[in-house]
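All chains are identified by letter, namely A, B and C, in their written order; residue positions are counted from 1 within each chain.
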Amino acid sequence: MQTEIRRPVVLEPSVGSTPLVRTGAEPPPRSRRAMTAGPDRIFEIVVLSASLLISVLAILLLATIVERGSEALAQFGLGFVTGTTWNPVTKEFGVLPAIYGTVVTAVLALILAVPIGIGAAIFLAELAPRWLAQPVSFLIEMLAAIPSVIIGLWGLFVVVPVVRQVESFLGHNVGFLPIFSGPAFGIGVLSASVLLAIMVLPIITAITRDVIRVVPMSQREAMLALGATQWETIARVVLPYGRNGIVGAVILALGRALGETLAVSMIIGNTFKISPSIFSPATTLASLIATQFREADSAIYLSALMAAALVLFGITVIVNIMARLLTWRLSAFSSGS
Amino acid sequence: MNAVNHLATSTLPGDAAPTPNSPNQRLEGPVAMPTATSSSVVPESDDGSAGMEIRKLSAWYGPRQALRDITLDVPGHQVMAIIGPSGCGKSTLIRCLNRMHEVTHGATVRGEVILDGRNMYDPSVDPVALRRIVGMVFQRPNPFPTMSIYDNVVAGLRLGGKVGRGSMDEIVERSLRRAALWDEVRDKLKEGGASLSGGQQQRLCIARALAVEPEALLMDEPCSALDPIATLRIEELIRMLRDEVTIVIVTHNMQQAARVSDRTAFMLAGEERIGELIEVGVTKEIFTNPHDERTEDYITGRFG
Amino acid sequence: MATQTISLGKRASSIERELSSIDRRRRIMDLTMRGLCSLAALLGAGALFLLVIHVVVNGVAALSIPLFTEMPAPIGTPGGGMAHAFVGSIIIVGLACLWGIPAGLLAGIYLADYQTPRLGGFVRFTADVLTGIPSIVFGIFGYILVVTRFGGFSGLAAAFTLGVITLPIVARTTEETLRLVPHELREAALALGVRRWRVVLSIVLPTARAGLITGAMLALARAAGETAPLIFTTLGNNFWNVDPTRPMAAVTLTIFQYAIWPYKNLHEQAWAASLILLLVVLLINLTVRLAARSAPSR
């Protein structure tokens, strides 16, 4: 029987004291493949095709959107990303205001979420006793599971009125600053950013918490032994040690904030213009596509929306690859030391 | 030189809590030598201020007791070695001296550590301030990988507030010289501390601890992660530093204790695996003529 | 002595003073920052708490039997329900999981047990790129690939698109889970002469069962909560329809539409539907986590 031949080949790598949790299976020895009978081969082909399906879908996704968006891109060229007019009637399409809105809401969301997210992570990893850290961790992570349409609904009826109060307060007191100028609608950039901040908070907190936890105790002790307070130890040793991972978390959050559609489109006001004020309504690429899609009544209009999706796709892929590179460096770093 | 010295510290009046035992009854079993005799044998400090007295110190990790009633004098400006088999609580003891023990989750302490007539476990003492006076070097070199060599040395100093750039440079050079590292790193102060060899990293950690001008330096098996040559350099360094700071070194290496220390304390975990002090005395005495049978067994290699 | 130049004044006399406390500014900074960090955690947990409270309060007030059994009333008139949306969601999410989860599982098996380094790396990379893409882009993809080519908007197009979203997620979580299965287990079985595919199916997968179910459930929760892709694929439908080849309603889509229409009773229905959706999603997450915690994870 074949199995008798197989046995020594397979047993070989397990000789010796292998750790109990060796992660990952090595690829099988090449020689086995020739001896593999029918069902084995079929199963391998099945799992291989499922994997290839992922790659094929990814390539297809890029290809189809490029193909459909190319009409608009060819017609407007660079003007598509630098143009500020979106006029279906005259068939003139430029998405700069949407890019602006996308970037501004995402960045503002990070400005709100990063300090809170990292602060919460510090609390969970360094300050809180275990009995408290666990449930609080759990609550914050649950936030990530809530469908964005519910967050949008909540935002529309609960957050927007609150933001309107804040805006009119800011408008009265520091309204001379351009970013706080204009009427307090509630609906607009600030509300969208607050919602986005809530949505990305769990990403930042969960990853930062894990990053902080892998900082070796010896690093903290070294700083404490020099007469540092707990905060000084965190700020000067713990956070710098985990900075790659934390930056990776922030960029991952940025990717999420850039692409979020529903919650934003419900409360940003969908106004196609660039305004310096964070009170004013605006739009984002995702929101533009979602709200205009049903109205696209000409081929070039539709193509412009596809091209907008392509721009969004490009931005998020770049951001995500950056995040991944940083977290890779982190894992290489922490496993090396 | 004043030969009476540190005995005086134990009888200091003031806010130090009165010590329940007289010095002679401090240890159970046959005590090696009263401190008075030892002072005539070993070099004595110029002022007794940097000596430490440990009084009936017990320590726990959660419910588990790790130390029981340790009473021990650490004379100023000498090297005190603490030896004993692993698990005897010697590392715990040294971590109690600058209150690093309580950093561990669930760790507690009872007893007193008296420095300069003041109990370090008094509620009015800020452990953060104490650690600037009693520095520490750890088992594994732990330089800060995100900082340059220069920044590593001044990491503790910067906490204190404003130090001028000029005097900062001066302190870096002096601390690195005291740690016998200056010549090797003078040209690469801006490089990361992780680029150094293990022995160099440990000397960098010593420089970092010295930069804040501590009165005492605690060393928790500082050579256990180093090769023999690096170990010899650290030992040389310890002997050089003795004039300036009080040193307490924990080591599992008896030869090392014999080479670097003036006095040696031997610890052993008794029943229930709780660490106790067995014997303390002048190093030469401990190694040539120990009073306790268990000490003799240990140093002759019969167990541990 | 050279070393005395800077340590002047530190010795002896000043130890006493130094011990009492460090610089007050540092102590205040320490307390303040620790306080702020605690506050940040409170804010994060509080945000979820507030959100859940609002959804529950508004949702319970509007919850009724007709919501699940009746069709929408004509716009502007009170009453009615969204039975069609609940049914539509179940069909769409069910179909999506029907192909997305098994395919993801198989792909995960490949990545964990069969991969060749280069191809495995490529698949992993594309899977990671896909998980990072905004769901609206998937919607566009579904629209171009299915809607414009195969008979217009339909529940099937939505099911396809949601499946594409879950596929890479399940594949990666499956891979991670299977990698935790001790190598020795596979070797022991192989050494007994069991064929490789049998080893995977009857030993590796059952061992990792808890983790696999977790991954699948989380993917299901994710699919159930998606809205943006549905806009481009199933379009929505105000009428009763259980035929997935035609446009279908879905709960998330309906909440979205009702929320931005200016009718109070529709807002109420949106809250009630949100409550149901929230309960489903949170319950899935909750059980999965509790199960993961109680299971001996090694």
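Note that in this section a residue touches a chain if its C-beta (ideal position, glycine included) is under 8 Å from a C-beta of that chain, and two chains touch if they have at least 3 such contacts.
Treat the numbers as computed from the prediction; the structure is a model and nothing was measured.
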item: Chain whose mean Cα position lies farthest from chain C; value: B
item: Pair of chains with maximal C-beta contact number; value: A-C
item: Centre-most chain, if every chain is reduced to its averaged C-alpha atoms; value: A
item: Chain A and chain B: spacing of chain centres that average the CA atoms, whole Å; value: 49
item: Chain A and chain C: spacing of chain centres that average the CA atoms, whole Å; value: 13
item: Gap in Å, rounded to a whole number, between the CA centres of chain C and chain B; value: 53
item: For chain C, residues that touch 2 or more chains besides their own; value: 22, 26-27
item: Residues of chain A engaged with two or more neighbouring chains; value: 227, 229, 232
item: For chain B, residues contacting two or more additional chains; value: 128-130, 132, 159
item: Residues of chain C that touch chain A when the two form their complex; value: 22, 26-27, 29-30, 33-34, 36-41, 43-45, 47-51, 54-55, 58, 103-107, 109-117, 119-120, 122-123, 126-130, 132-138, 140-141, 144-145, 164, 167-168, 171, 178-180, 182-184, 186-187, 190-191, 193, 195-197, 200-201, 221, 224-228, 231-232, 252, 255-256, 259-260, 267, 270-271, 274, 277-278, 281-282, 285-286, 289, 298
item: Residues on chain A engaged by chain C in the complex (per definition of touch); value: 1, 3-4, 6-7, 10-11, 13-14, 18, 20-28, 36-37, 39-40, 42-44, 46-48, 50-55, 57-61, 64-65, 67-68, 115-120, 122-124, 126-128, 136, 138-140, 142-143, 145-154, 156-158, 198, 201-202, 205, 227, 229-232, 234-235, 252, 255, 258-262, 266, 286, 289-290, 293-294, 305-306, 309, 312-313, 316-317, 319-321, 323-324
item: Residue ranges of chain A in contact with chain B within the complex; value: 216, 218-229, 232, 236-237, 240-241, 243, 337
item: In the complex with chain A, residue positions of chain B that touch it; value: 98, 100, 103, 128-132, 135-136, 138, 140, 142-147, 155-156, 159, 194, 205, 208-209, 212
